[in-house]
Structures are given as structure tokens and as C-alpha cells.
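What follows is a group of structures, each given as C-alpha cells.
Two complexes come next, and they have one chain in common, subunit A, joined by subunit B in the first and subunit C in the second.
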Partner chain A sequence: MGKYILRRLCYVVVVLFIISIFMFAIFQLMPGDPVLHYMGQGHQDLTPTQWQQLYEDTVRRMGFDRPVHIQYTRWLQGMLTGNFGYSMVHRRPVLDVIRTPIFWSVVLNLASMFLIFIVTVPLGIISAIKRGKTVDNGILTFTLVGFSIPSFTVALIVIVIFAVFLGWFPITGMHSPFLPEGQWAQFVDRLQYMAMPLITLTFVGMAAFTRYVRAAMCDALSEDYIRTARSKGLKEKVVVYSHAFRNALIPLITILTGWFMGMFGGSVVIEQLFGWSGMGLTMLQGIMQMDYAIVRAVSLFYAFVAVIAILLMDLAYGLADPRVKVSK
Partner chain B sequence: MQPKRKSFLGTIFRGLFFGQREVMSMMEEEQIQSPTRTIARNFFARKLTKIGLAFFTLMLLIVIILPFFFPLDEAFFDTTMGNRRPSFNMMRFPRALDNGNAAYISAGSGFGVGVTQAGNVHVWGQTGLTGLDQIPAPMGRVIQVSAGMDHALALNAHGQVFTWGNPNFNLPNIPPDIQGRTIYVAAGVQYSAALTDDGIVHVWGNDGVMRANINPRLQAGRPARHIVANITTVMLLLEDNTIMHLSPRQPAIGEFPDWIQGQIVDIALTDGTGAALLMDGTVVAWGDITAESIHVPDHIQGRVVEIDGGRWHFTAILDDGSLYSWGNNFFGQLNVPTISNAAYIFPGFHHNYVIDTNGNIRTWGLNGFLMGSDELGRDVFVRFLSAGRISMTVGVIAVIIAAFIGITLGGISGYFGGKIDMFLMRFSEIWGSIPFLPLAILLSHIIGRNLGQIGRLIVIMVVLGILTWPALFRLVRGQLLQARENEYVIAARALGVTELRIIFKHIFPNIISVISVWLALNLAGSMLTESTLSFIGFGVSEPTPSWGNMLTGANNTIVLRQFWWRWIFPAIALTTVTLSINIIGDGLREAIDPRAQER
Partner chain C sequence: MRKLLLIVLVLGLMGFALAACGRDEPAPAPDPGPVELTPPATPAPPVEAPGVAEDVLVGTPTAGRLLAHPDGRLFTRAEILQITDMTPPAGELIMGSTTTLTPNFISGFESIATSQWMRYLMHDGRATMARDFVGNWVANPMVQSAPVRTTDHPDGSRTYTFTIYTDNLWSDGTPITAADYVFGILAYSSPQFRAIGGAVLTGEWLVGYQEFLNGPITGTSTDADGNEVIERGEPVRNFQGVRMYGPDSFSVTVRPEALPFVWEFLYMLWSPTPLHYWSNNGTAFTITDTPNGVTISDGFTEEFLQDRVNSPGGIRFNPTVVAGPYLLYSFDEGSRNAVFVRNPNFTATWDGFHPQIERIAKVALDSAIQIDALRLGEVDVLHGLRAGVHINDGLRAVEELGLHNFISYARSGFGFLAFHADFGPSQFVEVRRAVAWLLDRDDFARAFTGGHGFVLQGPYAVDGWEFQTVGDSLYADPRFTHFDFNPAMAVQDLEAGGWVLNSAGGPFVMGVDDIRYKDVDGELMRLSMQWGANDNAVSDIMRVMLIPQAEAVGMEIIEYLYASPAWNGDSWGRAPGTPYAPGGERFQFHHIHTLAWNVFPPSQHWYSWSLYPEHLASAAHSNMHHGDWQLHDLAWASRHIDASAPGWEEIYLNAWLEFQVRVNQVMTMLTLYADEDHDFFPTWLGNWDANTIWDFGRAVQRAYDGRTR
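Now for the complex of A and B:
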């Protein structure tokens, strides 16, 4: 097992290395002159010679005069030592800029994952028990609809219902312009702003996860030990919840882990629509403002999360299900 | 008994229209049906998949065929027609005006104002938005009305002026010194003009427009007998049959030929051109040389009695009482009815009204939009059709690209195995592990930024294609590896069939069904991703429409609630089309996989 983990870790390092090269290449292709970008604004009154001097200084300072592979090594070195570059728009180190958005993205996605889990597990179980019946068909059709509605349409419908007609929640933002006094009041305020992106994300994710639960439960229910349990005369409830669901939980949790990581990418649109300043919105703003240091850091973060997700899923499969021979 | 053989296509059609009638025993089925036919049979046995297929086919036909009849002019926009709700009531005048009761009509943007012989004012068309239906009362006996973009003017027999509609831009503040001595009113876009009995023009309304475009001081006391107004400027017909232009900022309209001065009996304006009717019945037009309305047709020269203009067209009454319109025919403004007793014409914006000698009203021009118009006055229906075509094309081509890469690499990987397989597997794993949407945003931004519209479309297709192939690659590879161990392949190999032939002739037909499921589901996925990208501005970009970018900017209360037609149609279309594709894909999968049927 230890050997397996080590091998997978090595693999992940190699993958991350390749992705970092890929990302570096992409950002070399970015439109616009990065030197002008790092020079900043407000040099209109310089003479051409002074301007040229400043330009060359910036080139030297940022290391643009070095060969590409040196630039890459320096960049990678910075990444490894926690130096993600400097944001010219925010005039702060990138890490400082993206720290809060990462937190809020994680909060939003964790909350929605929790909701998805408590909503879809009963749905999936019912669907699996009543396989082929009307309830099952209804749930399957619902998941099909869920697959087909674009996330932004769900978001618009959620806005129409909860903001336009009911008027419960504000449409965009993270919190009220004037935060109310007291911890509890602030928490409620935050919750109100988070409600609609949360509902949207939950709805969007529900379809896929209901199917996962259903499939896992179907598999578990067709196992031999279920027949044994039934023939022992156990109650159907005990069979379903104690025998089948426990076993179905194993693949579910592994899927959930990987899937949670994947959700970061998917919440870009929802964050943008609701003005929820998480990773996605930060990246979009970075692209718009040509703040490529931020875009590069966020993209690498996404890739990092995705690769770690794959690793976790592999390991979880191995740990949870001894039939998967991980040591091979 | 050997049942009659049926063609595959026949099975499909019968299944589509009549459903499955015959019930055969399992043995019979096994004997006479090829796997493909079994799949088709299973597929059409379900009602839902039939509905899905029928709906998808219908939508496909709609977006392929209808754009030919409703072509999209991407460069076209007209803010004066912005945010009109879906209806066809713009020229539906009330009955009170018909049968010889109408005295005067004026066409505004999407609405009309009319006066009866008794002096009562009626408003029709799209009036709700800016309070155009709230006609001030009492106004006395009204003799003339004028409709602008979103406000209207009325003039009564005592020379008093009334205004209603858009309450902004200083429009309700009629200069007090013109009350009681006005003889003619003209409403433009965000401004109003009035001519008083001393022949002096007075203008009020949006200061920005007036200061930039209209300067009544230019008149310098020379009396005028008629004024015409377009969206930005006012032109005067003076007592001495000469014309005067009150706009230093609209040079093209001011450049009329000098020789016509002194012989002018009527004038008219479109957006970019002016026209003058001379005493001998000829019409001279000048101004923006790119406008169609500058070309006065030769056959009406010398026969014109009266002339007036809309935004892009002129309409004239000829000496035999017939009508003629020329200019741009965007909304059917030029489709004049054939009558020979026209008495008065009232063109305006994109509409035309004519009262004949019997007092009957005829109309032609823009009557409304099926799906309303967006904030730039573009027809949502026309954009909706073209958007559907573009969204589907992008989706299909993206799938084709992904299928090409996935099948080729999957084939190579499954065929050669070994190191190449290992390398390709790792490559696809890495490629597939990069988060999809952020990468798509990045790529389309980097590559597509400096390209034209077509280039950007291609970039989106390619990006979608090269980001979705890993799943298909793994599918093809897995199927191929599995199939290689099957008896029929071993048998073929034993017979000495070449490997390439085995793959294409023996294995490929067996896995094509599995691939087709993936193709269908991925088409839905690609269309969703394209719309998502377009929605946040990194996909198909304006002015090219796509179902995704038609929803851009809909996330505010005003659009969501008041201008619901701008987002609801593309949203419904996108959802139903992807739903029908998913249903087809799901049905196909269940038709192919017998295990799925058991579930």
C-alpha cells in the first residue's frame, strides 16, 4: 500500500510538472506586451529616452530578457516557495489577493455539496428501490432535465423566483454594504447573499449525483449478501439502509471527493452571475483586467485541485474497496 | 413461418408513426433481427425517445430552414425600437378612426396617435412603457398630433400644445410663450419642436441633443411655414419656398443643392437624407450617400404631389392618387398597397398610414415583433433563429472534432497497445484532469481575441473539440481492447484477415453504437458549454447571436421581469433542445445496453 501511494505521488508530481509547463506556455501566448503591463500607468510625460530606459529596466527587473527556460525555472521556483507573483491591478502579492476568494469558493462549494448530499441520497435510494416504477421514472426524467438546463438558466430562474417575485434575497454581492452589528446578524446577512448561488449550485449538481446514488444502490442491491439478508428474514428497511446503503456509500464518497474538486471549475459562471467573489470571478476579472499573474495562479490552483482529486479518488477506492487491487 | 423481411428504414418510420405493433416471441426476434435493427426497435419502443427525436428534428429543421426566410443582418440595430414586447399591434388603429373619422395621424416608434374629425385623440400600439396611453384631458378640439420615439404632442384649435409620454429630458416643459399661437408641432427623439404663427420654430427637450444638433437661432427671424423633424435634427420650409437646416452637426443633411431653393413646396427627412418636392412635381434627395432613400426612382419624377419620410424611407403620393415608397425595406416599409385615391400620407419611423379620399385608413410597414425586440431594437425572433443555427453548428462541429481525435487516438491506443497505449492513456488522463471551463475560457480568450467573427467561431469549436475527446478516447480504447478478445475477432484472425480489416470491418461496426451514444450526449454537453461560454462573454460574441449570448445581461430585475421576452425564448429553446438530445442519447443507450433495460 505504501509503495502504491508513493508511486501515485510521484505520478502526481510529474503531472503537475507537465501542467505547469503547459500553463507557462499558454501565458507566453497571452495577448499584449507584459512589459507595458508591469510598467504600470502614468508615464505619458516621459521623454522617449526616459521611457525607453524605464522599459528596459522593467524588462531586466522582471527577467524578460532571459531565455524562456530560465524564465520558466524562475517562475516554477517562485511557485514552489510560495511566491505566486505580484498583481499589478491590486498592487499586492497574488497570494494575498486570492486567499479570500479561495476561502469563499470553498465555503460555497462545500455548503452546496452538503445540500446535494442530503437531498440526493434519499432520492437515489427511493429510485433504486422502486426500480422501473413510476417514481423511478419520474426521478430519472427529473435528472435528465437537470442535466439539460444550463447552469445560468437555472440561476436566472432562481433569481426570478427568489429575488424578483418573492424578494427574499439580494441578487448580487457578498454582503450588505453596511454590515449589521453582531456576529449572528452578520452571519445571517452573509447567508442571505449566499442563498441564491447556493440554491443554483445545488440544483445544478443534483441531477448527476442522484444518478450516482441510484447506480451505486442498484449495484449494491443486486449483490449476493442482500439476497442472503433477505432470506434471513430481515426487514426490508434494515436490508436497504443497513446492508445496501452502507456498501453503496463507499463508491459514493469516492465519487463525491473527485466531484467536489471538479465543482470549482463549474462554479465560475455562477460566481460571475451572482457577483460571488470566489476563485472563478477572480479569474474572470483577472482575464478582463489582463492581470495575468492572478489568472496564472488561479489556473494552476484549479489544475492542482483536480490532480489531487484524482489521487484522492484512487486512494479512496483502494482503501474502501479491498477488491480493487491497488498494490499491483 | 418465416415473417416478411422488413427494411431497416421502414422499421424506423413505422416505429416513428405507428409504434410497435407486432409482438414476437424471443426466438423469432433472435433469428430475424440484426443487432442494429434490435437497437432501432428498442429505441422506438419508448414513447419519450420518440417525442425527443421528433422535437429535436423539428427544432433542427426550424433553425436550418427558417433563417433563409428571416435573414439576419448582424450590423442592423435601431435603438428607437428597443425593448418592444412581442405583439403585432403597432399599426392596429382603433375603429373610432376608421370610416372617414380620421383627421390626422402620426406614426411614432411602435405606436400611433390619431385625431378624429371631432378632435378626439386616440393612441394605439405599444404605449405602456412610458405612459403614452395617458392622454392629457381635456385638450379641447385637437387638430394635429405628432408622435416621437416615446412621447407625443397634440395641438388644438386654439393653438395650445399638449404633450405626454416620456416625462424625462425636460419634455413636459412646453415653453409658455408658444401656447395659444402655435400652428404646427413635430416630435423627434427626446425633443419637441413647434412652429408659431409668426413663423418661428421653438425647440425643447433633451439639452444634449438640442445643443449638439438643433439651433433655432440659425433661423434668424426668417418666417417658416412648415417644419420636419427626424431623430436628430429639424429642417424648415420657409415662406419664400427655400429650406433651412437647423443643425450645424449634421452636415450631410445640410448639403442640399442650391438650385432647388425657391421652388420647394414640400420637404421630408429620413435619418440620413433629406428630400424636397419641387413645384414641377420632381423630387430631389440629398444626404448620406449610403442610404437607399437617396435614390429617387425616375418614373415618379414629375408626378409627385406630397412627400413625407420615416427613418429609412420616403413615401409619396403621385398625381394619380397612387402611392410610392423608396428607401430601405427592413420591415416592409416599401410594400405599399395599390390604391388610386390616396389623400393624406403619414409615414413615421417604420410605419406608414394613408387616408384615402373615402376616409379609409390603410397601413403598411412594421406591425410588431413575434418575440419582441432587444435593447438595441433587434428582432429577437430573427436573432433566435440564427442563434439556434450557430449554437447547433458549433455543437455539431465540436463533437465531430472531438470524435475524430477520440476515435483516432483510441483506435491507435487499442490497436498498438504497449508503450503508445501507455503514453496516450497518461496523456488523456492529464489532459482530462485540467478543469474544463476555466481552460476553455482561457483558450478562447488567448486565441480568439484578435480574430474576426468567423475566426472566433472556429476557435470555440476547436476548443470544445480538443477539450472533450479524452472521455471518448477511453471509451473507444476500452471497447477495442474488449472486442479484441471476442470469439469473432479470434475467428477472423485465424482466417488470416488483416488487423486493419479486423478493426474496421469487424470490430468497428460493433462499437459504433456505443460511440453514437457518446456523440449524442456530448452534443448536448458541447451546446451547453458553448452557451455558457457565450453567456459570460468568452464564446460566440456580439453581434453574432447564440442562444447563450442572447441571455447575457439578463441577470437584473428589470430585464428579468419587464423585458422577459429577451431571455425566456432562448433559455427555453436551449433547455428543450439539450433535453431532447439527452433523451435521444439516453434512449439509445438503453436500446443498446440490455442490462440498462432490466433496470
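Now for the complex of A and C:
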């Protein structure tokens, strides 16, 4: 097992190296002039010579006067040593800019993943067990609706119900503008603001995941070994949870891996609408404002998360299904 | 049956979803918003010329008006403090904005309007001049203890000597002195501040600025292309044009070539920067006056500023010593919301107001839910709201709930269509005029502003002194063309311009041939233009209103859509990655572009239209490349006017009128619309008055929370 992990980690390094080259090349080819963006406005009164001098100074300061391979090496070196670069729009180190959005994206996504998991697994199992019955049809209808409505619309419905009609939760933001006194009060305040994006994300994710669980369980429940287990007189609970569910886990692990990768990404629509400052918005703004230091660094970070997640997924397969030999 | 139930259920849920997307009341109320455009912007009774206004005078504190006695004598600092209501501030206010706040809490790093409003809260009030409600500048009676003394020198330069009160305090209780004003000029003109990414234009017109920022000229040489290259030494430590005579007096000297200047009072506008705070109570660096200007000591280095100003928690992100009425209390990196609390050491504004609201919060909102947030009381004020759909939503909220008031005012700015006037079909004025005839701008403005806007005929501010004074004459001038929607006139202009051929070189026949051609130096030029569009509402309307009309007269407009203006700007103005070179190679691709400009008074339009090499990097040239020296001369004629000479207004206004006529003739820009901005605020908010110039940052200093009274 240890050898296998080591070998996979070596692959990770190679994959990341290749991705980093692509990533660097893509952003080198993007349109626009990042030097101009760094310089900003307010230089209109410089003479052309002064302007040119300033431009060239800026090019030097940003390291763009070096050959491309040197620029790449420096960038990669920085990434490996924790220096993710400098945001030209925010005029701050990239790490300073993304630290908070990543944290809040992870908080929101972790919470929603947890909720989705504890709701959808039982729901999917019940649906599979009661296949074709009213409960199953009800769940299927519910998930079809959730699956069909875009997250933007779900968010608006959530706002209308919980903020406008019921008045339970605030409509936008991450906490009260004037934070209440005391840590507990502040915690509750943040929970209130988190509620609606969380409900939206959970509802949107629930529909899909319930269907995945149901499909996986339906497949598992129709296997011969389930019939054997039942014929042996095992309790239905044991049949479902120990035999069927464990086998249904494999496809679910794949989906969970995708979620794990998405956890750091955030959701542009949800974040924009609820004023939740996460990575989705930060990345979008980075792209729109040509803040390529942020976009490049975060993209590479996502690639890193993805390859690690895939490694974890493979390891999890082995744990879920003994037939999968991860050591080979 | 089961399937039918399922379908009914799904349709029901989707119907609910769609209803939820619409509005939140059970029965749609009639739209109270205007369906017609606000009456065309025609001149109203004349307003005052920009200047040091002393004629908008009042006897009791009125937001943005200078206080004076019945006999016209202006109030002194002591008298202002005497009549200012010093009731301790109470209550709170939440301002919502769709613009996310960036944590640049000192100037020099960005110019986003919302951030600027927040900076006013912290830094406004102790500059030597103040902008009044209508945009005029007044000598700040809370700062200047004596009128500015001007001294002319034989070389043509002019010195302005200021005498200030030293009774005003920084938020930490330290007196604001002349050293702070001097330090402001030095810091914001220094190579060290530029090195940490700051803008350094503060002292640009002063003697010694170039030497202080870029170093003295040591010689000239010629580069490989034959251009003269100015060689400079290391930047000098002393700023020759700035002197300090004690804690209550300092002076600045303006370069001869910067005089005369019609808005000369702008040379008298200087703001303080807390020297003791930046220099860590004088332990890092000091400022000393010498006969050769003020000098700054060794400690003022890029490394020091990087640490003191630019590091996380540094002065740029968390200034704890300010001169203005509010202090930054908190900025949340996650939500990007900020809270400000009153500065206990701020006494009164120049117009006699002690800030009355204890706490102010700025929160970010998505435009889709901003009016809902207002309805639910999650935000109190929406300032400068644009776009008809949101304004009409807001007006409905005002009418239905009765909890809010609103005000509206013309935006000091406009949106326009820019033409690249130096290549392709758009280099010909007839083509540009044809486009102007083909766009129904009334319809355009109505669609874009939802009825809350104006159609402009030129690059001016509707409320500006110039237009209000000579707008009638401009509109009546026989040389001035009103480009109302008229395809026949477009055809006439195109034919007059020689666009009468088809692709085979034969005569163009409407309805038979698709595209017009013109013989240009023996070659056929196709009447086809590239439009560099941004993904916005203007483009959406242009797409349906202009392109089909152009096609109908044999003109092709091809849209290139960019996701973000940041992507578009470079490809429009210059080749990506190429350095700026006046008259050099440029990226000639798009012919048409949509932009918006602000035109805050006093107008300094000469920069925008200048063809001087030092101004060629400015927005107007890089966007239009008009190349018209007559336009350039007319624009600059307005600047070089001595406003102290009798009859200067007539000279200026005449130059302005001629300039507008020329813009209209050259037609490198087609002005499209000016918004009518709206503020929505709760009924309990007292004394709220604002406009584009008197923005949130200034208005809120004079408002009060009526719930606390």
C-alpha cells in the first residue's frame, strides 16, 4: 500500500508539472496587457518618454523582461515555496487575497456536503427499497424538480420563502453589518446568514445525489448475492446496509470525489446572489479583471486538489470494495 | 392518473418558481415609473461658473453651502463651530451597493466610486478647499485662517502661500499642521510611493516635481530610432516647489507653463496626510524646510513604505489615524463589508455640520435583490441607482410600503459610441455621421435607462455651467447637427462620401446589393466595421437597434463580444503587449466601441482631446484617434484663460461652444444617454440630499437618524 501511494504521488508530481506548463502557457497567450493593468490610470500627464520608462520599469518589476522559461521557473518556484504571486488588481500577494474566500467556500461546501449526505443517503436507500411505490415516486418527483430548476431559480425561491414570506433569515451577506457582542451571538449571527445559501446548495445537490444513491442501491439490490443473503434469512436491515449499501458505495465515492474537488471552487451564482464572498466570485473577478496571478495560482491549486482527490478516491475504492487491490 | 398528477405537480412547482422570479406581491401593481424619457435636456436658468464660490451663501447650516453673515462676510472657523449643532451622534445607517468594496482606505491605489465614498468618510473635511453641493470649490473656512497669498515670479511661476488653523485634530488627538499638508504632497509625488504601486500625480504641476519623482535631467541622447531620450539622474531628496514656514504655513510654486489656468483655484487644493503616523512618531523619517524646498530624510524608503503602508494591516488597509468624520471600525475580508464609527476628534464640516450618525456600514448586494434588501430593511440607503428595472422596482417599494423616500438627479456623465477615426471606413466622417443618423437615440435611451435618462447631443454635463449657460446657443447654432433618427440622411451622407459602389465596382443599388463600397486610392473599401462589444445592456440594445438599420442602408457592423471591459480595452486602445509609442503602430481592429465618461465640474476636457504627445496615452486619444488639430486647439483654448481678467466667462464659453460644435462636426463620438440617478432611503433618515457630485460620502455627514430623536 505504501509503495502504491508513493508511486501515485510520483505520478501526481509529473501530472502537476505538465499541468503547470499548460496553465502557464494558456495565461501567457491570453489577450490584454497585464502591465497596463498594473500601471493603472493616472499617468496621462507623463511625457511619452516618461510613460515608456514607467512601462519598462513595470515590465521589469513584474519580471516580464525575462525569457518565458525563466518566468515559468520563477513562477513554479514561487508556487512550490508558498509564494503564489502578486495580484495586480488587489495589489496584494495572491495568498492574502484568496485565503478568506477559500475558507468560506470550504465552510459552506463542507456544511452542505454534510447535510446532503445525511439526508440523501437514507432518502436514496428508502427510494430504492420502495421502488415503484408512492414513496419512491414522490422522491423521484421531488428530485426531478430539484434537478430541473437552475440553482439561480432555487436561490430566488429560497429567498422568497425564507426571507420575504417567513422573514427567518437575512437576504444577503455573511454576517450582520453591525456584529452583535459576544462570540456565541456572533456565531449564531453567522449561522443565520449562512442558512439560505446552505439551503440552496443542499437542495440543488440533494436532488442529484439522491438519484445517484437510489440508482446505485437499485443495482446492488438486484444482484444475486442480495437474493442469497435474503434467502439465508438475514434481516432486511443487514441485507440493505451491510451488503447492498457497501456495494453501492463505489459509484458514490466517485461522485463524492467530484464534490471534494468542487468544495474549494465555490459557486458563482450562489455566492453572487447571497453576497457570500467565496472562491467562485474571486475566480470570476480574477478572470474578468485579467488578474491572471490569481487565476493561474488558483487553477494550479485546483489541479493539485483534483489529483489528490483522485488518489484518495482510488484508495477509498479499496476500502469500500476488497476486490479492488490498490497495492497493485 | 398517476402520470397526470405528476405533471400537474411539476407544472405547479415550476409555476411557483417562475412566480417567485417575478415579484413578491400577489397582484402586480401598476408601474409608477415613467414610461417616457425625462424631458430632453434643455438648458435651464444659468448656474454659477465654476470657481471659488462665494455667492451660494446661507446663514444657517445647509448641506454644501458656504456660511455667511447677512452682510456677505464669510463665517470664520470659530463662528462655524459656534452655530454647529454638536449633539453627540446616535443611530446607525447601512448603505448597500452592488460594488464590492476593496480594502484601499487611503487614496492612490484605485478610483472606484464606492471606495471613494468610503474614503471621504475618513479623509474628507480638512483639505484647503472643499467642493460644494453643486460642484464649485470653496476655500475651506475650517482650515484656512487667512486667504491664500499669491506671489508671481519673474520666470512666470506663481507661489501660493497658505495659512492654516492648527486647532484641527487628527483622530488620535494630534494637531493637524502644515507639515501634514507638505508631507501629503511629498508622499503622493514620490518614487517610493510609486514603487509600492501608488499613483503619484499630486504635485505634478509644481516646480521640482520631475526632479523629485524621476530625477534631474543630466543630458539627452538619441535612441536607435532617432528619438530624443532624456537622461535623468537619481531622484533628488528636496521638492523645490514646496516650502514649510512653520506649523501654520506652507507654500507651493506652480511651473510657468501651467499658467494661466482657467480653474486656477485647483492649484490651491491640498490635503493633509498624518506625518507622525506614517513616520511612526518621527522615528522613521522627518521633513525639513530648506531654501531649496522641503526635504525628506533617509528613512522614507520603499522598504519602509512597503512595511508601514502596504503590508497586511498597514496604513493602506487599516488607517487608524484620519482627519475625516469617521474611523474605519472593521473590514470583513469575507463579506467585504465595512463599518465606520464617528471620529471623536472631528468637530465640524466646512458648512457647519457635526456628523450625526454614530455608525455607518457599507454592505455588498447583488443587483437582483437590492430592492428586496431595501424592502426588508436589511439596507437603509441605495445611492446613485441606475437602470430602469431597478429604479422602477424601487419606486414601487416607495409607493407600496411608505417606508422610504427617493430623490433623483442627472448623472454628470454619459455613455457614448466611440469611433476609431484613423483607419477603415470609420476614418471617414460621412460614415460616422451615417451611424449617428441610423441610431434612434431616443428609443435607445428609453430602453437603456427605463425612462430615467436623457439623450445628449455632445460631451457635456447636463447640469454643468457651460451647457446651462450657452446650451441654447449651441443647439441653435446652424453648424450644429441634431442627429435624430433618419435613415434617409444616412444614405445621403454615405453617397456624399463616395460609398456608391458595389463589390464589383458598379453602382450600388439599394435592395439589390448588400454592402456599399468606396474607391479609396484605386482600391475598393468595403463598408464593414468591427464593433468591440462588451457583455452589457448597451450591447444588447445596440444589437437590435443599430445593426439591422445599418444593414438596410448597405453598411455591415460585425460584433466582437468580450466578456469583460478589461479584455476589450487593450485590444481597442493598443496592441496587446506592445509599449506605448505616440504615432507608432497600434492595434487597428475595432472601428466602434461603447464607453462611458464622467464629466465632473469644473470641466477639464482639454486633456481628453489633446494631441500633445504627453497626453496621447489618455483615454480619448487611445479610444478615438481623432487626429483633429482644430479640435485640439479649441479644447486647449478653454484652459489657457486667466479667470481673474474681466470677461473671461465669455471667452471661455465661446471657446467651449466652438469646441462642442467641432466635436459635433468631427463626430468621433456619438453621445447616447445620461442616466437619471436615484437614491432610495428610509423616511427616518433626516436631511438626506445628494447628487452625482455631492455623493454618499458627503451627504451622510450631514444626515441624521430620525429614530434617535
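Assume the second predicted complex is superposed on the first by the 277 of 328 C-alpha atoms of A that agree within 3 Å, B and C clash if a C-alpha of one lies under 4 Å from a C-alpha of the other, contacts with A are read in each partner's own complex, and residues count from 1 in each chain.
Following the convention adopted for this analysis, a contact is a pair of C-beta atoms (placed from the backbone, for glycine too) under 8 Å apart; a residue touches a chain by one contact, two chains touch by 3 or more.
Bear in mind the structure is a predicted one, so any value in this text is a computation, not a measurement.
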item	value
Partners on subunit A (subunit B, subunit C) - clash or fit	clash
First, second, both or neither for A:Gly280, with subunit B first and subunit C second	first
First, second, both or neither for A:Ile26, with subunit B first and subunit C second	first
Which of subunit B and subunit C A:Gln52 touches, first, second, both or neither	second
Touching partner for A:Ile310 - first (subunit B), second (subunit C), both, neither	first
Touched partner set for A:Val164, first subunit B, second subunit C, both or neither	both
First, second, both or neither for A:Tyr302, with subunit B first and subunit C second	first
First (subunit B), second (subunit C), both or neither touched by A:Arg92	second
Partner chain in contact with A:Trp104 - subunit B first, subunit C second, else both or neither	second
Residue contacts with subunit A in the superposition, subunit B compared against subunit C	C
Which of subunit B and subunit C A:Pro177 touches, first, second, both or neither	second
Colliding stretch - subunit B into subunit C, listed as 19-27, 127-135 or 343-351	127-135
Shared subunit A surface residues [contacts with subunit B and with subunit C]	31, 141, 144-145, 148-149, 153, 156, 159-160, 163-164, 171-172, 272-273, 287
Parts of subunit A lying in touch with subunit B, wherever the complex brings them together	15, 18-19, 22, 26, 29-31, 131-132, 141, 144-145, 147-153, 155-156, 159-160, 163-164, 171-172, 218, 262, 264-266, 268-269, 272-273, 280, 283-284, 287, 295, 298-299, 302-303, 305-307, 309-310
Residue ranges of subunit C touching subunit A (in the complex, touch as defined)	2, 6, 9-10, 13-14, 16-17, 20-21, 24, 92, 94, 100, 102, 104, 109-111, 197, 199, 201, 204, 214, 227-230, 310, 312, 330, 332-337, 339, 359, 361-366, 368-369, 372-373, 375-376, 378, 563-564, 566-567, 569-571, 574, 576-582, 607, 613-619
Touch list for subunit A against partner subunit C, complex	31-33, 35-38, 40-53, 55-56, 90-92, 96, 99-101, 103-104, 137, 141, 144-145, 148-149, 153-154, 156-157, 159-161, 163-164, 167, 170-175, 177-179, 272-277, 287-290
Sites on subunit B touched by subunit A in the complex	48, 429-430, 433-439, 441-443, 445-447, 449-450, 524, 528, 531-532, 535-536, 548, 551, 554-557, 560-561, 567, 571, 574-576, 578-579, 581-583, 586, 599
